[in-house]
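One structure below.
We just call them A, B, C and D in the order they show up, numbering each chain from 1.
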Amino acid sequence: MANKIPVGILGATGMVGQQYIRLLEDHPWFQVAVVAASPRSAGKKYGHTLKNGWLYDGLIPDRVGKLTVRDVGDVAGVVEECALVFSAFSIPDKDESRAIENSYAAAGLPVFSTGSSHRGTENVPMLIAEINPHHLEIIPAQQKKNGWGKGFVVVKPNCSLQSYLTPLHALMEAGYTIDAVAVTTMQAISGAGYPGVASWDIIDNVLPLIPGEEEKTEREPLKILGAISKGSAGWRIVPKKGLTISAHCNRVPVSDGHLACVNISFKGKKPSAKEIINIWKKFRGEPQRLKLPFAPKQPIIYRYEANRPQPKLDRDSDKAMSVSVGRLREDTIFDFKFVALSHNTVRGAAGGGILNAELAYKKGFLK
Amino acid sequence: MANKIPVGILGATGMVGQQYIRLLEDHPWFQVAVVAASPRSAGKKYGHTLKNGWLYDGLIPDRVGKLTVRDVGDVAGVVEECALVFSAFSIPDKDESRAIENSYAAAGLPVFSTGSSHRGTENVPMLIAEINPHHLEIIPAQQKKNGWGKGFVVVKPNCSLQSYLTPLHALMEAGYTIDAVAVTTMQAISGAGYPGVASWDIIDNVLPLIPGEEEKTEREPLKILGAISKGSAGWRIVPKKGLTISAHCNRVPVSDGHLACVNISFKGKKPSAKEIINIWKKFRGEPQRLKLPFAPKQPIIYRYEANRPQPKLDRDSDKAMSVSVGRLREDTIFDFKFVALSHNTVRGAAGGGILNAELAYKKGFLK
Amino acid sequence: MANKIPVGILGATGMVGQQYIRLLEDHPWFQVAVVAASPRSAGKKYGHTLKNGWLYDGLIPDRVGKLTVRDVGDVAGVVEECALVFSAFSIPDKDESRAIENSYAAAGLPVFSTGSSHRGTENVPMLIAEINPHHLEIIPAQQKKNGWGKGFVVVKPNCSLQSYLTPLHALMEAGYTIDAVAVTTMQAISGAGYPGVASWDIIDNVLPLIPGEEEKTEREPLKILGAISKGSAGWRIVPKKGLTISAHCNRVPVSDGHLACVNISFKGKKPSAKEIINIWKKFRGEPQRLKLPFAPKQPIIYRYEANRPQPKLDRDSDKAMSVSVGRLREDTIFDFKFVALSHNTVRGAAGGGILNAELAYKKGFLK
Amino acid sequence: MANKIPVGILGATGMVGQQYIRLLEDHPWFQVAVVAASPRSAGKKYGHTLKNGWLYDGLIPDRVGKLTVRDVGDVAGVVEECALVFSAFSIPDKDESRAIENSYAAAGLPVFSTGSSHRGTENVPMLIAEINPHHLEIIPAQQKKNGWGKGFVVVKPNCSLQSYLTPLHALMEAGYTIDAVAVTTMQAISGAGYPGVASWDIIDNVLPLIPGEEEKTEREPLKILGAISKGSAGWRIVPKKGLTISAHCNRVPVSDGHLACVNISFKGKKPSAKEIINIWKKFRGEPQRLKLPFAPKQPIIYRYEANRPQPKLDRDSDKAMSVSVGRLREDTIFDFKFVALSHNTVRGAAGGGILNAELAYKKGFLK
């Protein structure tokens, strides 16, 4: 323990916060030193606060259960005890959210956020560690512009796009240009947090609307695939051009695992189905090269069975950090269609956040 | 009763067969006079055979429960007691299925089938009563070619396309040309019949494959929208050209109601969203003009609420015979996108079959 | 309309409130004239407030959708426009709840409540119309003690006990003494209201605890089966003695319909299984004798099929107002065991409330 | 590998058979050497036969996938390649089942069965390794009576009773006499095997009947708790007397994990709630003393949270081999009531079978 990096969880009582605590239990580099939540929980033992409210199997990790919950607003207190924070709190007001995350960065802490308030900020990297690890390089400019010292903010994108964006990226990296992507998602209830979706709304039902989700899933990939560029207002990440995404987002009665039906078209040369599968299977990113603890060995698993991937069977692949893809076939309108799946609260939230922090640490951004 | 038309149900113990019995219970024109099933059930009282196997709420209709089940193969026996049959049996071998339905037609009975074996037969109309009622006009040619007297075969299409095809047809009828349709369906378990989908496969899960379904949903609409034409081999229905459909079909943990996320593009002039909604709301077909008993008053219901249609809330609209549509909005790749829903075992199976029979009766094809 | 009795719904935006509105749509005697809710909704059109939040199939009844929502606290305003209120609001504080219901009674309105705050009040009848209609006779004493004029309060019991208490009462009425009842309930999510149970908690799960429910289901039957008696503090309903109930209450992933596994023992003479079924089938109560609009024709339906009753198939029996019972068999510890089912938000809430009001009206308690 | 004991799985393509293969993948003592199934699958590669039919997450273990499936009837072939068999095939006819298992025992192989056909055989031990390990001692008598050499048959009981019988046994072992147990189970769909329960029957529903289950759960515990005794027909296991069990068994829409609501009464001295919990927590059986690989460290886990155990959260406790218990409280009719849970296809089937084989091996019954 003495040698591990102490980390804090902001929003530790929520569903993503609990997932962080679960996943970090035996982490080789990081250790949960601070749990922070709303003033309502502050001052109580974490284990006592959550006694009937622990959302996962097993018991609350013993050591964390004994920590006293801090108020998220008590920045000075948190900063004193940890070297970075995972921000997983949920405050509807985006300005307030940004202000809180900024206050931690200003106080010198790297902030790895699963929230959405900073995703549109031009100098905040929105990372999928296998796709755009180089976006971390904007951090010095971000620090300079904000007058921050060692602190900074890194975010991860919406969970809805994590199933299909890495497969698309792998094809782009292999030299193919994709110009149109139509996607229909079937998203798990845990994507809405806790208590999230009312059971009355989803048992024996599908909800054809997730407010704001289609906009995010059409827009966020462009920033992730974008380039760092210097504009009149300083360094920023410029969204990729020439790629159009169309999305339908649905909520289905599945606990974990976002499934996407995807159609794609190429501009210029087109790979064969065999080449595509080959590219996916061989794809490795920076996390794999750096052997980061949370990196899945194979980021994209292609399933040859005709009826896979399925949320229940494939969401937990490689510690729930791999994306599973299947059913690649030619399409009548687009060039190809396929089905993709990722675990939304691990790969798409807490696990992705931990991988981002591992990447930043290994790349020397944590000082 | 004396004045009602006696009808037979082939495959009366299956899920669709039971749905026919349920729906026909108080039908003003038709009355179930014969229930036929596999030799295993033949000779027993229908109510006794099904005692612990009635799949719907309430009790087995009393009068039908007392009927003795006949063997589907006993054509002569069935023909004696009824004036038309609804074919809902499920035999994997398509040749055998066709042979059975043909044997009833040859024996002089109109056959209204929910099966798929005759959907590809060029002189068999595949009806959605609001869309292609004129396809009934091929019946004399069908009878002549087969050497049948009063008997004939009419089929209904796959349940997966019933949610979105009537909305597309309404726009076409209003003078707009649609050339591309991408659809992702989320289909209810009852679409697979009974016992159908194993609960282990679908609880907390989505199945991204329904074998054969995508092919049907890409191909069958073209026949429904096609024209009757005389070729070298006689009269046939020629599939529509110039329309391409792309489909993903999924099974979701919903009991009834197939939901579809649809993207469409127009060729030539494009309606506005307001015009589209207006066309849908005003659309009426032949069943409405003829005031057929099973015709929904409004075939296409547009829901303005942002989160509708939903299977649980909208599948039963207007006796489960209306299609519900919502979320019409402009698309980034296609012109528009929307969500559509229909009840798969009523509108998409037994209810649709009854409506087809009502149409044929009113149009004078039952003699 | 002019001749119908105008009624108000307190808590009209909640799940039970919406159920009242749905069920009263075509009521022959009552018509919804006032919808009242928390100050947050007050002043808006009911239909507009609920646009994306109507919890049932179909559309919000047109006439009610146009009503302006009143503040529940605006007693004077509500009283002016209706002759009785159905109280379905949900305020955790029981004192506050009682105070609100009392304020309506004090203002001259009969209050039919689905809430729990007044269930323990000794002079408030807790009615199941088929069991204890005579408890209405305590109303004058209640009015006198509170100094109320025409107003009074009547409550209905917890939904968990409605499936098995009428069957028990029928046996008692037939002259048998039951002294021990062990029950394990499997209760639908709608019993917790809306949003109620989080989907994360119940998909692929059972919750073995419903806070407070076991206590209610062990205690409330004794009051319902009790007698009106005059004590030192005035008239009160004295709980039945000599009957012990033991309960386990569970929440299961079912939308509507509370199922109960019941074991019972008799004291003294014991009926045979055949006699029990006969008693259940023949049982009729005051609502049946008075032919009240919401009275099920047969309050207790016995299902002979080995696998019934089932929530999905039997909850809607006779407008969802009948109790369905099945699987009566001898027990190894108790005398008999059986399974019982009732629809929790109709029979067990709004439908039961309406039936109570119909009873009170027909019996002359509404003046 | 060379040193591992080669084992065969009879019924390897079924749900329990697949579970055996999954659980044995990295077993320290045993290795799957033979997969046997019905003649339909025989002769094909296991992985190819199951390609779209593997029921669990991840991939079919590579080595097993390459094995050629043998016909269960090919006893000689199976015997040649393994030292014991786990019998998990499912043949409705009990005589035929027994004959197959006997043929393996006669050929010299120990048979560890999850089937029910031999549970009533008086000299066949029905083992829960923590409860009645000494019943293995009847094996020599079984072998002698049947004229078998090294072969024998051991069975495990029905999965429905595994959640509550170990807790009852722990109390008995501590010196308390239990004379009455009333139990209502809520059982997972996987308990019915695959395809098992039709999704139509269980989505949004509870089935109040599992044919034959109540009889098993009332009878089998008495044999498990019984004593070996010599009668006129030789050594046999005599069912315990003085204990009466009453059961309701229900199927609920849960994938894995059987939950039981249990009421118990003591004869003679009664422990306090605190003592009971203490006894449960301290309870250890022979598998724990022998440190068997599949033995859970703590066979009975008491959960103090008010809302536990829950199937989704607790079924996987300690490799899904622990029983989780909670909500112990005093009862109004019995002395105490509580809730218990065990994983039905691991602890209650394949995992329990493996533990039994480990016990037999360690105790020297495998020769």
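Keep this in mind: contacts are C-beta pairs under 8 Å (C-beta built on N, C-alpha and C of every residue); 3 or more make two chains touch, one makes a residue touch a chain.
Everything quoted here is computed from the prediction, not taken from an experiment.
Colleague: Which chains contact both chain A and chain B?
Modeller: Joint contacts, listed by label: C, D.
Colleague: Which chain is most remote from chain C in terms of Cα centres?
Modeller: A
Colleague: Averaging only over C-alpha atoms, locate the centres of chain A and chain C and give their separation in whole Å.
Modeller: Taking the mean C-alpha position of each chain, the two centres sit 46 Å apart.
Colleague: So what's the Cα centroid distance for chain A and chain D, whole Å?
Modeller: 41
Colleague: Do you know which chain C residues sit against two or more other chains?
Modeller: 203-204, 253-255, 306-307, 312-313
Colleague: How about chain A: which of its residues touch chain D in the complex?
Modeller: The contact residues of chain A facing chain D are 51-52, 54, 56-58, 203-204, 255, 304-307, 312-317.
Colleague: For the complex, which residues does chain D have touching chain C?
Modeller: 180, 182, 184, 186, 204-209, 211, 218, 244-246, 248, 250, 252-255, 259, 261, 263, 306-313, 326-327, 331-334, 337, 339
Colleague: Across the complex, what residues on chain C touch chain A?
Modeller: Interface residues on the chain C side: 15, 55, 189-190, 194-204, 253-255.
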